[in-house]
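In the part that follows, the structures are each spelled out as structure tokens.
Same chain, two partners: chain A is paired with chain B first, then with chain C.
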Partner chain A sequence: MRSKSQTTLLRTVGLHAVLVPLALIWLFPIWMMIVFSTQPENAIFSSNLVLLPSDQFANNFALLQADTGFLRTVFVSIVVATVYTVVSVFLTSMAGWALARYNFAGKGVVLAIILGTLTLPYFVVVIPQFIMVARDFGLGNTWFALIVPPLFNSLGVLFMRQSFSMMPGELFDAARVEGVKEWQIFLRVALPMARPTIAALCIILFLASWNNYLWPLLINNRPDMMTAPVALGSLIGLTRVSWGGIMTGAVVLTLPMLFAFVVLQRHFVAGIAAGAIK
Partner chain B sequence: MSGVTLSNVQKRFGAVEVIHGVDLTVDDGEFVVFVGPSGCGKSTLLRMIAGLEDISGGEISIGGTTVNDVEPADRGIAMVFQSYALYPHMTVEQNLSFGLRMNGKPRDDIARRVTKAASILQIEPLLARRPKQLSGGQRQRVAIGRAIVREPDVFLFDEPLSNLDAELRVQMRVEIARLHKELGTTMIYVTHDQTEAMTLADKIVVLRDGRVEQVGAPLDLYDDPANRFVAGFVGSPRMNFMAAKVVDTTPGSVTIETDNHGSARLTLPVRQAFQTGDAVTLGIRPEHFGGPDGDGTRLTVNVDVAEHLGATSFVYANMATGEQLIIEREQSRSEMGKTELTITIPPARAYLFDSAGDRIR
Partner chain C sequence: MRATTRTAYGFLTPYLLIFAAFWVWPIIYSFYLSFLSTRVQPWTFNPTFNWGRLIIDPAFFNAFKNTMIILVIQVPVMIALATLLAVLLNSHLLKARGIMRFAFFAPVVVGEVAYAAVFRLMFQADFGVINKLLALVGVAPISWSSNPTAAMALIITAVTWRWVGYNAIIILSGLQSIPEDVYEAATLDKVSKTRQFFFITLPLLRPIILVCVVLSVIGTMQLFAEPFLITNRGGPGGATETLGLFLYRQGFTVLNFGYASAVAYTIAAIAIVISVINFWLGRDPK
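So, the complex of A and B:
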């Protein structure tokens, strides 16, 4: 017979024996990204595997900046992602609120359509969307086309709807009896209460925009509106791929997000749980 | 200040009718309690008065004005909810003042009302706290405070005490009674707890399945229930019901015999005419049984369980048929441990009900 603490110890060891290799496999590409961002350009082709960082980061970054005007593209990405996140949170909240709290003709159909779009892969949508926006509306190379078409986010709508329907109805009844207007109930009662869900949604939406490559690549070819992922993509030329620049740019784009995620992780997980389980 | 009148009020949810034509008058300043089992439509009725549910038929008026199409906020009512419905992200003070602020009331007016409500409810020390930092009883006070600051003509309460523990419930019950005395405002109070109804109400409205079973002062309902449902609902422990048959009739009286308990016979004065063999139900409250040498019909029952509470004891006598008698005995120490108990049914305390449950008089 094993004692209880021995059983616990065995289980812990077993668990770590599985989890640690998994974590390492996951970390390896990230580590290599950091390594190559600090190595000279040709290190990636050297015959012996390079596993440790060197001192070429500033050099690589200077080259990247010279090739693409990288800092400006990062600035554009930040602006686009921020505007996108703020507007999208507001729109999805309003849609979620309407779907959670009001009964209207065709509500079921609207919900079904929103749910249905979730099952469509992005790549099925993006080409028709491009043709419509760029050719039919003639809006290629505009800020509007860069930001607005991806705004509608069914996941966000469902997220917010779930969060609002979990709130006890008597709370809104109480406000109604007190003569609080519907829009005030939404802004002053419902939205503040949905804060954990909104925090999680903000992270999801910001990351989605930050990482979006295909849409900005398709809809825009003005250099002053280029976003950072597209700038990195442009380093893959026909004859030459600038790996040092790509890795350096990837580090600059990834690490702040990784850091923010670790810091906000508690809210993030709580918000998703609140939206999904309760 | 104003009274409330309901005439033939109906409510349907889709095809399901849950309130079937309720008529009711609540006088100015009266404390009226809606009581009835869970799901009988108490909340629905209250929410219709508040304007939170549309009215499918009939008319509701408050202070003499028909309010069928008036917004909740313009009906001169304030409502306290079962879940308290406090805004979790606001302090107590913000909770109290929220509605007034959103309606653009002047600041000094808001401050005056909040201070007054807080002092009536003795919650001044809690004003800076959030609902999460309050006990159940304190939350309840804040919820009531939020109703008071509206300075309404009519207060509506929906089971406000049902989330509190027994001791707090008694305490808050007394406070609500005090509040009514202090403010003198019309109050409509919903509960499924008959003790709350008996202790608080000027007038009780007993509801069942969306219908009014009886309206009256608490003691009138206790003394003179209109039917078996009201008789069983008002009073605690509930009235005993014994199946019985008519064995003899004369003009102005009827003699019945119980099916169980050794076929006890009882002659009662009634105006209604009967036939021998008609099935009836005999009702008697636990506290109205007499001792072995009391007046009336003598009855010997087997004691199943006896609960001795000191001043009184409750004796439970079960029958094989599933009928149960509860007998309340005062000063019964000499009877402790007995397996048989002889009691009497005083005819003046016995009620008769017909097979439909209506009172036979």
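So, the complex of A and C:
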């Protein structure tokens, strides 16, 4: 038995000898984001190695606010991500419900198309989307442009469909026998039962919208209708812009999501894993 | 129409309307656009204009070449690392499991712009923290933004940092679906842990690793924010220009929608071909 416990000890040491340094390397950029955001500009661009935070966050953030009106763009991002998440959850739940619980003509075709779009690069649709929304509709720099075109997502439908199809059918049949209408069964019985799945989906959708960069970059360029990532990205590479300020913006975008990740890790992980398994 | 069909489409309609307006129509329209000459108004039908240019355009070839280099190096390295991480993070012997997982999964929630900004600053040539740390171990400063090879290495490093945890989550969920008694039986038969990994774990994980590879290939084919923001618009001198960045330039800087559409369809075609090859290589040998 002694040799076995020795092997176990050796394995444990080996495992941590690999993982701990790797974990530190992986945390390093996030740590440096925080460090930079609290350092004065002359400390970031000095020849000293600076690895610990200082106390200049408020000053740096004031510089960023002066450069971009950052608070307004954060507000735009919050509104867009929230509305997008709510609407998208409803659309995908309804579609997922139909695909899970009814047999109907064309079901196979609809499913195949939804699955097919998973492997289709977004670039194929982004140019016509831009032409349509910005030129044909004249809706550049609007809430509509930020929220509606990205609404289609195949992942959510597959995710919700999976959840609904695992529910016991007798439950819905019993409600039908009592004369409850289909949409009421959906709203009052099925949706509440799907709460854990919906929670995971909400997190994935909110995160996707919050971090979305390319589409908001293309469609909204007026300062008061920019999302926060677009406003922040517009500063990168400009000279005479405060890097400390940019880093405070990165922190504001990142820390709330990291906090949510820590609290809701189980849902995050479930959402990401489900996205790939289908 | 049967009643259930009517009900089903009632639930599907809002979703399908969005799909039709913002996906089906654009897919058709961009195919049509790729046959139009859109450099000057009015747009005219000219089937060979964009596709003819694409074949001989050195800038397109450069972006294609760079994307393929990133693909061939970054995807295998990242998937191998993600598999290793998943196996290690799944170990019973692991202490501080929560913190360890957090370290690798955290980048998944960091947005492209935020992480691009940090990487750009960390890898700055004169005052960047990476060069300062390299100096501690005696490595001469690397000019990440003006040396083409270093710039490419920077992009690959950044993308790997951002996405390895995402893939590890997926592979980890696959690992956890492998029944424990398979390993118990193997241990009883005195099969070593290393052999268990290669002869039990890897074969069982193959389908899910394949999904990761395909998702990563599609992602790499569309790489945009990293070369746009970290290496300053694909610099130095186009050394990190990707297909995604090239399309952005043609479509939204020059506003040559026809040519950009031809590029978009080429990206899609390459992604589909690579995905099919992957699934074909990874199919069940039976």
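Everything below uses one rule, namely that the second predicted complex is superposed on the first by the 242 of 278 C-alpha atoms of A that agree within 3 Å, B and C clash if a C-alpha of one lies under 4 Å from a C-alpha of the other, contacts with A are read in each partner's own complex, and residues count from 1 in each chain.
Heads up, the rule we're going with is that contacts are C-beta pairs under 8 Å (C-beta built on N, C-alpha and C of every residue); 3 or more make two chains touch, one makes a residue touch a chain.
On a predicted model such as this, the values are computed, not experimentally measured, just so you know.
Of the two partner chains placed by the overlay, only chain B lies in contact with A:168; chain C stays clear of it.
When the shared chain is aligned, chain C comes close enough to touch A:30, but chain B does not. In the superposed pair of complexes, A:65 makes contact with neither chain B nor chain C.
By the touch criterion stated above, A:193 is placed in contact with chain B alone, chain C being left untouched. When the shared chain is aligned, no partner comes close enough to touch A:54: not chain B, not chain C. In the superposition on chain A, contact of A:12 is made with chain C only, not with chain B. Put simply, more of the residues of chain A are touched by C, taking chain B and chain C as the two choices.
Contact with chain C, but none with chain B, is seen for A:218 once the two complexes are overlaid on the shared chain. Of the two partner chains placed by the overlay, only chain B lies in contact with A:177; chain C stays clear of it.
By the touch rule above, chain B contacts chain A in their complex via residues 47, 50-52, 71-74, 77-79, 81-83, 85, 87-89, 98-100, 102-103, 146, 150. Residues 8, 11-12, 15-16, 18-19, 22-24, 26-27, 29-30, 32-33, 36, 44-47, 49-51, 90-92, 94-95, 97-99, 102-105, 107, 110, 113, 117, 119-132, 148-149, 151-152, 157, 182-183, 186, 207, 210-211, 213-214, 218, 229-230, 232-233, 236-237, 243, 246-247, 249-250, 253-254, 257-258, 260-262, 265, 268-269, 272-273, 276-277 of chain A are the ones that touch chain C when the two sit in their complex. By the touch criterion given at the top, residues 1-2, 4-5, 7-12, 14-16, 18-19, 22-23, 25-27, 29-30, 33, 85, 88-89, 91, 93-95, 98-122, 126-127, 129, 132-133, 136, 161, 165-166, 169-170, 172-174, 193, 208, 211-212, 214-215, 218, 221-222, 224-225, 229, 232-233, 244, 247-248, 251-252, 257, 260-261, 263-265, 267-268, 271-272, 275 of chain C touch chain A in their complex. Within the complex, the chain A residues that touch chain B are 168, 170-171, 173-181, 184, 188-189, 192-193, 195.
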